[in-house]
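Next up: the structures, one after another.
The same subunit A turns up in both complexes below, where it pairs with subunit B and then with subunit C.
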Partner chain A sequence: MSGIGGWKWRRHCTPYLFLAPAGVLFVVFLAYPLARSAVLSFYKSAGPNNEVFVGLANYSFLLRDRYFWWAVVNTVLFTAGFVALELPLALGLALLLNHRRVWLKNLFRTAFFSTYLVGQVFVAVIFVMLLGGRGGLVNRMLMEGGIVSEPIGFLTDPRWSMVSMWIAALWLMSGYGMVYLLAALQGVDQQLYEAAAVDGANGWGRLVHVTLPGIRPVLWFLVLVGAIGGLQLFELPYVLFGGSGPNSAGLTVVMYLFITGFEVGDLGYASAIGWALVALIGVFSVLYLRSTGLMREERR
Partner chain B sequence: MSRRGVVSGLGLNLLVWGLAGVAVLPLAWMVGMAFGGLPGGKWTLENFRILMADEPMGRWLVNSLFVSCSYAVLVVMLSALGGYALAKFRFAGKGLAQVVLVGALLLPPQVLLPGSYELMVRIGWIDSFAALIVPGGVSVFGMLLFRQAMMAVPDELLSAGRMDGCGEFRLWWGVAMPMVGPMAGAFTLMSFISAWNAFLWPQIILQDQGKYTLPIGLANLSALPGYQANQGLLMAATLVGVLPAATLFLILQRDFVAGLSGGAVKG
Partner chain C sequence: MNFFLPKPIALMGLLAIVTGLLVMVRPESRPTDLTVWTFAPEHARMYRDRIDGRPSLVEQYELLTGKRVDVRLLSANALDVRLLSLIHSNGRDVPDLVEIEIGSIGKYFRAPMDRVGLLPLNGYLQQSGLLDQIVPWRLAPWTKNGVLFGVPHDVHPVSLVYRKDLFDEAGIDLASAKTWVEFHKMGLRFQRYWRDRGISRRWAMELPQSSADILRMMLQQRRIHPLGAGNSVHLDEAGVARTVLFYAQLVAGPGKIGEDASAGEVGFARDLARGELCSLLMPDWRVDYLREFAPELAGKMAMMPLPRFEANDAPTATWGGTMMGIVKNSADTKGAWELLRFLQFSPQALEVRRRTSDILPPLKGAWENSAYHRPDAYFGGQKIEELYVQLAGQIPPSYSSPYAVLASAHLSAVLNRTVREVEAGRTDGLEEKVRVWLSEAAGRLREQIRFGEFPS
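Moving on, here comes the complex of A and B:
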């Protein structure tokens, strides 16, 4: 009797016991802070213990706040440029390493991927050294090569800030995209290439009509990862420029949230910025789902 | 092979070497500067000695190791437990739990920061390692990953174990976990590296210099005028920050890359 009863009890309770540790942390450290961030966005605060209810004032101020919109423009521009540059670069690397005449494929795959392991803070410090004023490696090379006579202000001239962010981000992420694309290329049906060759397709034709359709899901996956990462950009420019950069040219949405909430100390307004970020990523996700049609096609 | 083929093959290989050079140059330069060996100078450990003597660099290294290891173990255990329940049991509320998880996956974590910070102040976790390890311990992505992988564990195997009187916990640890070993390994390494490189949350939480992790310590050093002038010191500190994750990866790389790309390519 106790055996059967115990077994039933066990069947009922086991899944809850397995889920309990994660569930408790989820409620305490995710659901609760999320709800608090929602509530806080209706308050003006100076530090965690000093709050005044202001209704929708944070949101209406957000709509008029030119720093916020500047941060949005920077973030979207960075993201769009980053994805547009990363995909062709990663695909080019993957095609090269997938070529039958290229030797030492595994060594190079590791070499290109290795930069992805370097954390954003470390990347930023390395690129401060590379792109910095007169002593930076890039400027020294450009000046010794006679290409420029004065050092380029990669980190001090607002016209170059976005370029510097793209360079550092591409260095960080291209190898990551390459690993996915390389795996996808190896999954493309070889017979399709043979059929295309019989039909007289040249290299470009094979790329456009066989390779790209074959790796389309992975390309879209990389667009998603790149865009969501880009929209959350923070520490790379924060350390690269030692703050928001010249004329705030490196200010991003998350950086604005950080500065507002944790340097100025207004957790309420920072929460409103956080929800604006949710909306921004939400808008992107809807556009993404509509343009990929992945939801409809891939579910068989 | 035709002559033209040989030439273009050679060209492709040269191109790969050149591109790899561009990718590796910043790292090589970092190593060179760290050991004071550029250009043509003497190789020395002086920069590391100064960092250890003048800054709590050794402490930061130990802090980073402790936080990252604890975090990786916690997040893998919780994800594997939760993912197993979602994959192998039917229970009331399962559908809701999965919808909540997928919803949470789309949420940018930064929106939590004000609420989390306030919570940390209330429970006295400001400037503590607990704040760096525990709140992030539930990984929505990890639970979904383990759920996916553990779907492949055959139900017959688990039923057979139950008939033999094997406890549920032992079935999870002894039967299900070994079957998802490579994925679990890759996820552990990814979790370790993400904790190792974390900046935003530790920057908010940590105050005492002796509690800094390496990225926080380095970011603060790099803002000091004295250090901006001494690139070798900064590069030595960066090398200490980059090396552990890179070493782990090189040791485990075969499983890691397979585990990383396996999921997406099937999609």
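Moving on, here comes the complex of A and C:
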């Protein structure tokens, strides 16, 4: 191939060649496994060589599997509580660090964000030591301070399990939300604050009528990311409770998927659970985007 | 021609070249004839570490046979996932020998018999005469439909150890407790003694409130298996409700004598050393941890058989377990069997085990060795290995199943409900309620098993 023809060929093909490595990785590690798991969800499986087609049986059992629904309830409860607590906490931290009188802003910013960098497993290990029974630091302090006479079963009493998960998740994620909100706060037009002050708005009024509308897209984004992360929760409770927790109070949908796939060995049913989770996240995301109007904004 | 290469891309290119070169010049790993995968650091040390300057077991085997052996330590989860993937994909690059934990073996048995992925060992064991020497009930967890896929590494009898110094000071002879009811009464007396002296955080025993681990062993003593042979469900069997209720009264309400141990695998040793939990169930593998992490308790400890519920119950149970098996796709199954025999049952292996751990081998003949009948200074001169030997002969059988994790979750859920009732003082008619809950749980578990079983 020579001259103009060769040049044209190169011009057309070069972008695809640049995209090829990412494309191959996408197909091999994402598209194919996704398609394979979708097919697998219609099979009873004990490995690729041992599969029997069962049609919709996995999905129909899912509908009446109490453990699955228990996991869904736990997961939704965790997600709702986590998002409801994380946003005010992250916003509070961001407002504090955005205040001109706060010193050592960079240090605090780094400190609050650093918890996000260590990951769920490490945070869970730390919280096992903090929230453990008699040996846990929190219980030791409470007992030494005479606040409680017996250790609180943060990790062993089902009534405390969700609270423990929220505390650990908030410690992990609040800094992440804070960084986004801090950036958003710095983008709010200062003239709006000045105009509001001229109109006699107090601090609360400025927060509600200027700050929150100004950072609204970031708030919506954090709700969406927090909710999707919450619905995919696995490592944190798995390490925190060493499994599904007391009375399965820490059982999440992904943990149930893991138990079914890797402890029971039923990869077909585990795939069905995975696709049910995809549907759950998909439905939530669409409803959320429609209700917040973000979809319409995107179309415009 | 101008060639523009930004600095970051140039740096990444340089890094790729350097790391690529490093990979290329990396020395080849030693070629091996046989590979062993294990998940237990103690076992890996037993096989490949030198003791007192003597060649390790692997080195001895290599000298004897001229074959090169590689023992690889993997985390239990990694071993399971990698091995199952290799088996499922009919991979050739498999280890020859693998160690599998009792809680994991069930999922290997989900496939139809001819697709299990491990080599049947009945013939090998029969021909070598080992079948008659190994404790027979210990073969059950590693067996599917009569075919044996692994050789037990251990027996793991469970005893009860306690802080003799503290019980003696309270004037209580705990060893005289022959039943759990007597033990419960003594535990309450023990706690009262110490509370009267201002020590309110001293509990008679380690008893988890929300996990059914110890409850499961109490049931095993009574020869009740929530999940028995062939995935048969026994959660609703007579005796389970009474045992659950009794256990709940040990961990909640006015009769409470126990609490969870501190977090971590060795938290129990620190609790015992601090005198916060004063007795606990002790399989032989846990003794090593106790000696290592609570050395200050030397001379203050004592060991006894488990109290029973009724005269026919066993004075022991079993907790944990490991098998060694041969992967079906191994290129040298005969060599793998020879290595398995050497690592588990040779005089050299038994000697290394005696010197490095308290874990009893599954060979009845080996228990006669004088090492298992010596006084133990840590336990005030008590012959604890001898006690383990006596208990080992009385362990009720145990089984493995892929649904064990679900059975355990169902039992824990019922236990939790019962504990809440006992805590709230609602004990009237509770045994009947527990029976109903167990019956519902058994029904759900049966449904899960029926649905999950792979068609044969």
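Convention: the second predicted complex is superposed on the first by the 294 of 300 C-alpha atoms of A that agree within 3 Å, B and C clash if a C-alpha of one lies under 4 Å from a C-alpha of the other, contacts with A are read in each partner's own complex, and residues count from 1 in each chain.
Just so we're on the same page, contacts are C-beta pairs under 8 Å (C-beta built on N, C-alpha and C of every residue); 3 or more make two chains touch, one makes a residue touch a chain.
Quick caveat: nothing in here was measured; it's all calculated off a predicted structure.
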{"item": "Fit-or-clash call for subunit B and subunit C when the two complexes are aligned on subunit A", "value": "clash"}
{"item": "Which of subunit B and subunit C A:Pro15 touches, first, second, both or neither", "value": "first"}
{"item": "Partner chain in contact with A:Pro88 - subunit B first, subunit C second, else both or neither", "value": "neither"}
{"item": "First, second, both or neither for A:Leu34, with subunit B first and subunit C second", "value": "first"}
{"item": "Touched partner set for A:Phe234, first subunit B, second subunit C, both or neither", "value": "first"}
{"item": "Partner chain(s) touched by A:Gly205 [first = subunit B, second = subunit C, both, neither]", "value": "neither"}
{"item": "Which of subunit B and subunit C A:Val218 touches, first, second, both or neither", "value": "first"}
{"item": "First, second, both or neither for A:Val128, with subunit B first and subunit C second", "value": "both"}
{"item": "Partner chain(s) touched by A:Phe262 [first = subunit B, second = subunit C, both, neither]", "value": "both"}
{"item": "Of subunit B and subunit C, the chain that contacts the larger number of subunit A residues", "value": "B"}
{"item": "Interface residues of subunit A shared between complexes with subunit B and subunit C", "value": "48-49, 128-129, 135, 262"}
{"item": "Interface residues, subunit A side, partner subunit B - complex", "value": "10, 12, 14-19, 21-23, 25-26, 28-30, 32-37, 40, 48-49, 93, 96-97, 99, 101-103, 108-115, 117-122, 125-130, 135, 137, 171, 174-175, 179-180, 183-184, 187, 217-218, 221, 228, 231-232, 234-235, 239, 242, 254, 257-258, 261-262, 267-268, 270-271, 274-275, 277-278, 281-282, 285, 298"}
{"item": "Subunit C-facing residues of subunit A, complex", "value": "44-50, 52, 57, 61, 65-67, 128-129, 132-136, 143, 149, 151, 153, 155-158, 244-248, 259, 262-266, 269"}
{"item": "Subunit C to subunit A touching residues, read off their complex", "value": "77, 80-81, 84, 87-90, 104, 106-108, 110-112, 115, 200-201, 208-211, 259-264, 267, 270-271, 276, 402-403, 405-406, 409, 412-413, 416-417, 444, 448, 451-452, 454-455"}
{"item": "Residues of subunit B defined as touching subunit A within the complex", "value": "5, 8-9, 12-13, 15-16, 19-20, 23-24, 26-27, 29-30, 33, 77-79, 81-82, 84-86, 89, 91, 94, 97, 104, 106-108, 110-119, 121-122, 134-138, 143, 168, 172, 193, 196-200, 203-204, 215, 218-219, 222-223, 231, 234-235, 237-238, 241-242, 245-246, 249-250, 253, 257, 260-262, 264-265, 267"}
